[in-house]
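Same chain, two partners: subunit A is paired with subunit B first, then with subunit C.
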Partner chain A sequence: MSRPELTGAAANFYNDTEARKYDTNSRMIGIQAEITQRALELLQLDDSFPNFILDVGCGSGLSGKVLEEAGHYWCGLDVSRDMLNVASERETSTKGDLAHHDMGTGLPFRAASFDGMISISALQWLCYSNSSKQVPKRRLVRFFSALYGVLKRGARAVLQFYPETPEQAVLISECAAKVGFAGGVVVDYPNSTKAKKHYLVLSFDRGYSTPKGLQSAAQAGVRVDSSGSSKRVKVVKKKGKGKTKEWIEHKKEVQRKKGFENVRKDTKFTGRKRKDKF
Partner chain B sequence: MKLLTHNHLRSNVRTATTGYPLIITPTEIRVTDTEYNDKFVKHVMQNVNWPVLVQAASQCGITTLPPTIPPNLTSDTSFLQALHHVLVNVNVVSGVLKCPDTGREFSIRDGICDFMLEEEECENVKI
Partner chain C sequence: MRLLTHNTLQSPLTSSYPLKITCTALRHIPSTPLTTDEGPYDFVRNLLENGKIEWDGVTGAREDLKDKIEELAVGDLQLPSSQPSPDSPDYTSTLKTLHILLLEVHVLEGTLIDKENGRAFKIDNGIPNMILLEDEIER
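Coming up: the complex of A and B.
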């Protein structure tokens, strides 16, 4: 899995080309919609009327589209003008509004503006600094403190994010708690490396306890918030699977090409699982 | 930018006291035609700052809103339809928003307002 956050600023990664690819990739559309639906479920809105929702890191409007289909009006913020341009070309959107904004700088709204807030696959970007002036913890605290102000009392916020390390998830939760939010991280499909999803669920209610994460990973999608064009790809080593036959044969082939003569022949025993011996 | 959004927007630069309401100087307005949503208007109007909406509408050339919400009209459909129209259908496509406290300007291009701040402009927070 590549981490676009490691390539530099979000506005550079999500440039015009990437924004258009992002918005037309059907796998992306499906998975972002699935995550947004789950976020809406966790948001527990009063559905007896259409709500006014803030969508932070709204991108090309895939998450907004789901809000809209659920009947809500929304205001989307994003740091990539190219993503916003694609969003504003979406002619079917009548309930959304867009602004160019970096969530690490606070939020440009008066107190108690929104009935709820979502953020889909964006928050992890705040854990990285792209200039000497950007201090991740300061940006996180500033963001959460602003969020605390712009939500109506009783409203909730659900932020799905991809932590690179467990420490990042802890840092994010601590910053949210520091400004007075109750809540925590709901982890869906915790046993699947690919389908695992983190949702930070925030509430004003001191007695709020987060619901349980979903378990079965059969239907869940993997992370697809980048089309894989990032340069600095992080190699994630698979652990515990052992060495496969293909892997061994490939290694041997490489050795042969390098001119080694003692490479063993490939046989039907190559890469077979041996009996466990104690 | 819809006037619904404008009614909630403020300038959050460090030096602003309230940063609200932002003064609109439009250069292009587009009026769309979205479906009237009774439940939404009734819900959202409870949280609308009325004098700010009246002023914003007049900055966009709409001078038909009464200076206060007529109490007998809160369930009047034609009034609510007009309100829905002003909140949701009137869009500032280009122009400038100005912070009333600091004069900081935020430009609007293709309906999208630029609220990007430099780190020096942001509110201080204790960490």
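Coming up: the complex of A and C.
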């Protein structure tokens, strides 16, 4: 599957037709709702009263719908005006509000305004530059430092994103760690290509350790703590021994038995390594 | 745009707060279920008691929208000039006013104006445009 991030700015990709498609696609609705549920679970909110949640990259409001069902008020930001137009047509939205903004330029809110923050499938857009003036790392840091400001102390943020490469996941978590967040990336279903989801869980609490990702089998994950030391559990592909002398001789023997005529003779050069300079 | 959002918004350029509202279209959308005199106002109460509502922001917005609010016919939505304490006699009615003002009144068309440098952010179809121009973004 090609990545929409590579085709240009989010505001251009999610135009009117694309936004409407997105909002009515039942597969998309299901996935977004499921991810938002999981994000809420990771957010560990105090459910005894309605919370005020910031939704960055709210799109057509699919995630906001889940927040409302959970009884929370929310404020959504998105860079695509067409997505927001679709969201504002949603009549059921009684607890949400929208604003048109680019998260790479900071967040236009007062300090400590929100009880929590979620972002569904949006963060990876910051890793791409659409003009010479956009530096991904600078945009990421600006976003995270603004986020650090607008959350109330003790709040958490959960950002689900699709990293193109493991390096992107590391870059994102490093930028978050740089501004003072603790936390890390939770990977759900790491062994499934389709169900695999990355959640960056951020907290103010230095001693915060991220919850375990959901999994069907074994787990591999990315973790970054506030100290900035990143450790990646890399799945090392098991390397075979390669074509050894025994392997070659065995193969030739098999071919001779099969009756092939052009099998090279075994000589002292068989299976020998060439000199490096060759 | 609800006034709750206005209450949390500040200028992305100068961090000036609160933003001045000029408004050409205002709408009252009652929340569901309909609020009664008793509430539930737990959301507003919680915001207020945790100091998350900037009182000057609310009264300022109330002042900016004075004429339009009168046209809405939802009462005059008067608020005390300073933040009331939970044991003041008309606390519940203040909460109700606050609930209507912050959550049920929507600014559909208008502008938000940064009081420091006069930069206007347009509100179109209820969505404020806080996007910065290329040359306004600090490097």
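Basically, the second predicted complex is superposed on the first by the 216 of 278 C-alpha atoms of A that agree within 3 Å, B and C clash if a C-alpha of one lies under 4 Å from a C-alpha of the other, contacts with A are read in each partner's own complex, and residues count from 1 in each chain.
Throughout what follows, a residue touches a chain if its C-beta (ideal position, glycine included) is under 8 Å from a C-beta of that chain, and two chains touch if they have at least 3 such contacts.
Nothing here was measured: the structure is a model prediction, and the numbers come from that model.
Superposition model on subunit A: subunit B and subunit C are shown in a clashing arrangement.
Within the superposed three-chain model, A:K137 lies in touch with subunit B and out of touch with subunit C [touch as defined at top].
Legend: residue contacts after superposition of the two complexes on their common chain; A:Y73 is shown touching both subunit B and subunit C.
Judged by the touch definition given at the top, the superposed model places A:V170 against neither subunit B nor subunit C. When both complexes are overlaid on chain A, the residue A:S145 reaches subunit B alone and has no touch with subunit C.
When both complexes are overlaid on chain A, the residue A:V254 reaches neither subunit B nor subunit C.
Between subunit B and subunit C, B contacts the larger number of subunit A residues. Across the superposed pair, subunit B and subunit C both touch subunit A at residues 49-50, 52, 73, 75, 77, 79, 81, 84-85, 88, 94-95, 97-102, 105-110, 112-114, 131, 133, 138, 150, 152. Interface of subunit A with subunit C (complex): residues 49-50, 52, 73, 75, 77, 79, 81, 84-85, 88, 94-95, 97-102, 105-110, 112-114, 131, 133, 138, 150, 152. Touching subunit B in their complex are the following residues of subunit A: 48-52, 73, 75, 77, 79, 81, 84-85, 88, 94-95, 97-102, 105-110, 112-114, 131, 133-135, 137-138, 141-142, 145-146, 150, 152.
The residues of subunit B lying in touch with subunit A in their complex are 1-2, 4-5, 8-12, 18-20, 32, 34-35, 37, 39-40, 42-44, 47, 49, 88, 110-117, 119-123, 125-127.
Subunit C contributes residues 1-2, 4-5, 7-12, 17, 29, 31-32, 42-43, 46-47, 50, 52, 54, 103, 125-132, 134, 137, 139 to its touches with subunit A in the complex.
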